[in-house]
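Labels for the chains are A, B, C and D, by order of writing; each one numbers its residues from 1.
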Amino acid sequence: MILFTRRAPRTMKNSSALLSLLLVAAAPTAFAADGKLVIEAGKVVTLTGDVIENGKIVIVDGRITAIGADVDAPWDAEHLDASGLVAYPGFVEAITSGGMDRPNENVAVAPFLDVRDSIDPVNTTFENFLRSGVTTLNIQQGPSCVVGARGHVVKPIGRTVEEMSVKPRSGLVLSASPSRGKSRATQAQALRSTFADLKRYLEGVVAETKAGKDYAKREAMYQGREPDKESAKGRDLQCSAWDVEGMKLVPRWEIDEKQAPLLSLVEGKIPAFIYCSTAMDIRVAIEIAEANGFLHKTTLVVSGDCDRAADLIAERGIPVILTGSLTRSELDEETDEVEDIFLPEVYDEAGVRFALRSNNSTTQSLAYQAARCVAHGMSREDAMRAISVTPAEILGVAKRVGSLGVGMDGNVVLYTDDPFSVKGVVQHVIIEGEVVYDRATDVRVRHLEQGEAPDNTEPTDPEAAVDDEKGDGEDEKED
Amino acid sequence: MIQMLQLALLLAAPVAGSDAVVVRADHLFLGHGEPIEEGVLVISDGKVVAVGAGVKAPEGAVVIEHEGWVTPGLFGAFTLDATGNERRDDTRPLMPEARIVHSLRPHTAALARNLRAGVTVVTINPDKGRPCSGASALLKTHGAEVVDTELQLCLDVSYGAVRADEHPTSLASLHELLDSALSVGAGSFGRAASGELPVFVCARDRQSIRAAASLAKAHGLRGALFGSYWAEELVDEVADSGLGVICDPVAVAANQRAMRSIRALVEGGVNIGFGLVTPANSPENMRVGAAMCVRAGLDPNVALAAMTGTAAEISGAGDHAGVLAAGRDADFVLWSGSPIELTSRLKEVWVDGQRVYGGDDE
Amino acid sequence: MITTLALLSLSLPVTADPAPGADRLVVFAERAFTAPGEVVTNAVITINDGKIVSVKRNSSAGSADLKAACVTAGLVDMGFRYSTNQNTVEQSSEITAAARIAPALDLHARVWERALRQGITSVAVFPVDRNVVGGQGAVLKTGGDPTLEARLVREDAFLRGAMGSLPSSGNRPSGSRPTNFYSRRPTTRMGVEWEWRKAFYDAWQEENRGDADRPGRAELLRALSGETPVFIQAWATQDIRTAVFFAEEMAAEGMGTMRLVIDAGAEAWREPNLLVRSNAAVCLPPLPAEGRTTENAFMSLDTAAKLHEAGIPVALSAHAGSGSGNTLAEQAIYARRGGLPFDAALAAVTTVPATLLGVSDRVGTIAAGQDGDLVLWNGDPFEFTTRPVGVVLNGTVLVGGDTDR
Amino acid sequence: MRKLSIRTPLLLAAFIAGAGWSAAATPLGDAVVIHAKEVIVRPGEVLEDVDVLVIDGVIRRVEAGIEVPEGARELSGAVVCAGMIDPWSVLGLQSTETTFTSPSPATRSADSFDPFGQEFQKKQALESGVTSVRVQAARRALVSGLSSVMSLAPTSDEDLVVQSEVALGASIGLTNPSSGGSTFTRGSDGSFAVIETGPTPMDPFERISQVDKIASLLDTGLSYRIAQNEHIHDLAEWNEAIAEKVKELEKDFKKAKKDRDKEIEEAKEKGKEFKEERYKEDKAPKAPKFDADKEIFARVANGETPLVIEVHRVAEIRNLLEATADFGRLRMVIAGGTEAAAFADELAERNIPVIVNPLTHGAGAFDEFDGHDPTLAGILAEAGVDVLIGTGGHATGATRDLSLMAALAAGGGMEEDDAFAAITSVPARIFNLTDRGTIEFGKQADLLILDGQPLSTTTTVKAVLVGGRVVVEPKE
């Protein structure tokens, strides 16, 4: 049963009025079910605890209240018989631009934007994520920027962004890789000057405030008044890398909204996700994060040959999200031989904590990516963590999702078999105690797997088909 | 040119008349083999009369003592810069009777530039890019004297020779086309198949080198293929084909493979010559390339021969250029040191027994 | 480990005999899938001079040179797109039945090595797509000395051509006047089909009239008589129909019974009876992410399974794809996910293509007398969690050989 | 899984002891003594049968019979000379960085340098004796951004960049901004290769106008600097005035307060609203708006940062020399200068060094250049111009062949010592790399051990030391 109700996508731009309206409307558990659910699974894999044969998961008000083979269930709970199935925690997609209207913004430095305004709750991407067992996803803008919009951690279900929301303002995107047609030197310089501008701006604001106060003092003296008493309305800058003296004088609400998110970033209040498409970008990313005091809040979103810098990443102890292909071929110019490099292995050996990401929604789902790691020798447990616990930790939501335990969100994926096997498919997905996906009623799956065409889903004339193909192409580019 | 003036003072005597001139050099390289120490070169009437160690100077001959090296004029294989823009006729895939010499512009500055680099003779070729683009010519860079109007039959078996809108569009057909032309054996193709007319086959990748080698073997061709870069793995096939190799210019920054392939060919017993390939390369580049190959382990004497005797031989010009021997044209160069050393300066260039560059002319 | 193509001289840890002869190789596998439906546990496979001499059950690895969890025969890809480069096709004529691709192959290209590293040891190569009848297909090994002599398994193994829009694409002249030979060529599907029919009728009639021979006629007649199979590329249902109807017309006219193989038959699942009726086999293209393929056809996950159930010989192909998600072994995984039984999946990448290409006496199975082509796996083949870790071709270890798990 | 053979790149890195940060054959703090038959302490100055003592990566002594400290590493060779410096290189730069045409002046080429890529080319360059390179990205842009000097054998990430802002790069007449200078071609194995077709010819007037643009950018920089200085001055003045004003106000405060109270009183009486007296003062002078690009041009016009400008043709060189004559502090370096021979005397007089590439890509590569290629360096040096020899922004691998380029210049008429200086001491001097370029007390020990003269074809580099570490180990 697909719970999405189809409706026209909201056309909403960056209207701050509308934004504040929504903030009022946003209630944290707006979508949490009131009901009580007991899942009786053939096997429960919690990831953080033991594997429980014939286990029960009790979910009340969206949270797991009990888990084990011998637990009491509320008398009035709904029962889901999953005795032939295996329960796993819902998977976590560490970063994606899926579900966004457009993944990139034209403005190079746009930290004042929020992906919230671009998320389309009825986008089929969410359906695809659900189908492959993803219950939590971090939506961030794409890499075509210097500093991008603030992201949002959501679940792939809900009629509004507020219903979907798990963690708003989940981080700021930066890119160490140039967008098309730009050079790396330009990108590095743009990043540096973004923060230099911030510092200069803050210094300017402080100086202006000070000058104003001095002027007021002189004016008072001239007029024969006692000067106003100074009261610090602001607070000191909490950046570990640099300081702007006198920030105390400036109340935070006077900071320009365009600079405010950057200020939060350098004060370590929000995480940073820095896109890097080649190893040399890692240097720039680390330099910027270190020089501005947010390295400890930084996750690198890596692709290409970033693995060459794995040691450098390991030295700084920051996690990475692997995007793109998991293998890379390299030509050794000296010997003229080609080598296949399996990237997760390189990071693993260097001691870098990493999360995997699905490459596209069907054939290369998170479980697929993890299975490929197993094929290359990684333990099943480690591979599974890379699509659940680790991304949850990176997103700072590990206490809620990524594993199964009492007090956590009731996000459960019921597999017909081992998720890494040829036969294992997602039968049910439960989010916060609500069964939100049932394979038996999934028409899209029947179409892809058995060719059954639901009414009005097949292109009828060639022109329409051409458009369809173009659309697919664009989806792929988002990654 | 201050250096040149100083040089003139060093020289024993000015050159005069058609009488014999004797050049005594510390090192005399004849175009092949080892250089002769304290070598003597005797010329008269534009021709070499005698060469060797301990050759006696004829009575009354002008004697030039040269504290450096003397080599044959360098051989410039595969040049395109003396023919303006009419380097190839594109109308049909096979133009065996076309002669590039008719596109020659004798007074082009390019020839003088070659001469200044010590290159006294060049082959001018129809450009690659068609299965058979015609006959190359042999040309002296001084005075643009044409030595041979039909030096080599120029073929191209590479991907670049096929067109998308004309037969052949596929490599298989291209090879078949040349194979059958050589089998039928009419005209220039016939002379090539009988070994009378040498060939110059562009083969710029491995499958083309293989195709060129098998074509040569099947039809008994002689001559050279152009394209050393990918030859490393195919040394046996090339050696077996009997063709020499005119090497891709080894330019600054060349990939290791460029030098490695050339070494492998030499070690596999293949005769090689360095291509001059102007105007894409400066004429000086040939010596730079030779130096780079020597740095990568090539025998300096082989490198010298690849700029003179061997290059001429595999280009079908062995009778006219590249070596200093009795009866040959007196085309040679005086250097301050070995031409393999790039610090060596070119002192004089002589063509047909006359000094045409350097010395007190400057 | 999958690494380079160095010809290892096998100084491997499991080797008891310090220096095994270069002409002899002993492989031990916990399970050897010698042919579809046949498994030998604890198998010791001995290869001598490039040929398998024995497959025996043994309790221990003994003095084996290589050890692996599982072994299959080297994989065979009969839809291998060696190159999309159009210089493989002679386009100056629409029908070039005698054209061979083999002389134009660059045996040094990386594509062979990439195939080898996926476990593909034999491939069919043919001129692709831009001609109506492109020419002759050949079967090649993917490794060994880079010479045709060393690699060619079978020349002129089949006649290959295409239906659909690809042979006619780009032929429509931009102006009204014909400027080159493209304008003589078909611009529509019906034009393409007409070229097929005309070529075969002409060849047949010329033969019957006793006209002077011309290049390509013999090849067409061999195909017409069923002596060599005819591979017709047809992605979409309409083109599969055209191919089948064309073959049926030839038969109905008494000209001959073709052995039809639909290449890249993405939509073959829609009308399997048509294929059963005409005894056609199918080579499937790689499964696309969202089902949509070239020529706007739709391929569902269970395509291979449906064809198998209908009794149609089905082969899988990765179309020379590389990288994650595009290997031949992964195509077999997807087919299994779509319901194809394990043995049929194994057959689809070994025995079925070997048989259709007429080379089953050399490749596709592990048995005495067969070529020494093996793939070593680090677990059950065709699972997401396993992969080829070693490849043996003609008795030589070309990839990996590291067997520590 | 632990045995997957993915380690070749790292093995390679360890071998050159460069790309792998940690690999160090001789740890810092160790001493090295090199016994040499000949030490070229600086071009033209040779000491015979001496030893070189290196401690903590720095050259300590060069003399005969140095006592070998305990634990010191001993090396020996025929010739020892300073590590070479390629003053004009693209080694380590990705092709997109070198061909980029619109960088801002403040970009640094160090950011275009890939410390992880081109390992093999870097290794080859190091093995041929080049220890540092000045890299310039975006060569064809009118203003190419700041060039950087990079070490080819860094011990750490910080060590990699020797100087990140060594000079501002610029070029005249290299490319038509509307057209690219390279094209892609497909290789036989399906791979793509970039073919440089050479710059597209540009309209002669457009080229000259580029000279004007450079001059006006320098002007802008100068005005910006003047405005900044004026502001500092004005601000000081204002502060002074305000300080005095404050004193005055403090002095008058009691009176002002009294007055005020009085006025409030009066206002109350009259039933009027009290009005504060208006205070007036001059506004503080505003600082010129910060501009990163003008900042750079200010530094260049003021001679703090040299300007390296690639220019080739007679007309452009003449215009450039004229247009920059009034910038008295400008430190200009000409790169390329194919036709610069005509200005040899003027260049010498104005102390404008030239970076020569003795082998440009043939006469036909640049439109209408008359290549003096091999003789240019000699002609300029003869006239007294500081000549540097660089590999010239063409190919990343060219730096390997730097010594051959210098040899070619020598063959073309330059003194051999000058040619060697052109790849060691002169680049060090021109680009302020005070710690390298010669073998002298206190300099960083970037040393080569050779078996012959540095510019000879047949000489091989036996060992290379960078900062006293042996980064290319002696073979045999």
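The definition used in the following text is that a residue touches a chain if its C-beta (ideal position, glycine included) is under 8 Å from a C-beta of that chain, and two chains touch if they have at least 3 such contacts.
Every value quoted in this text rests on a predicted model; they were computed, and no experiment measured them.
The minimum number of touch steps linking chain B to chain D comes to 1. The chain pair with more C-beta contacts between its two chains, of A-B and A-D, is A-D. Taking the mean of each chain's C-alpha atoms, the chain whose centre lies closest to the overall C-alpha mean is D.
In whole angstrom, the spacing between the mean C-alpha positions of chain A and chain B is 65.
Our note on geometry: chain A versus chain D, Cα centroid distance of 41 Å, whole angstroms. Each chain gets one centre point, the mean of its Cα atoms, and the points for chain C and chain D are 56 Å apart. Chain A and chain C have Cα centroids separated by 42 Å. Residue positions 159, 205-207, 230, 255-256 of chain B each touch two or more of the other chains.
The multi-chain contact residues of chain A, meaning those touching 2 or more other chains, are 333-335, 339, 376-377.
In chain D, the positions touching at least two other chains are 1, 4-5, 120, 188-189.
Touching chain C in their complex are the following residues of chain B: 159, 162, 164-173, 175-176, 205-207, 210-211, 230, 233. Listing the residues of chain B that touch chain D in their complex gives 1-3, 81, 109-110, 113, 158-159, 204-208, 230, 252-256, 278-282, 284-285, 288, 291-292, 294-295, 300, 340-346.
By the touch criterion given at the top, residues 120, 124, 187-189, 359-365, 371, 373-374, 378, 382, 391, 394-398, 400-401, 404-405, 407-408, 410-413, 416, 419, 455-458, 460 of chain D touch chain B in their complex. Against chain B, the residues of chain A that register as touching in their complex are 333-334, 336.
Only residues 1-2, 4-6, 8-9, 12, 21, 94, 96-97, 100, 103-104, 106-117, 120-121, 137-138, 145, 157, 242, 245-246, 249-250, 252-253, 255-261, 276-277, 279, 281, 284, 290, 292 of chain D touch chain A when the two sit together in their complex.
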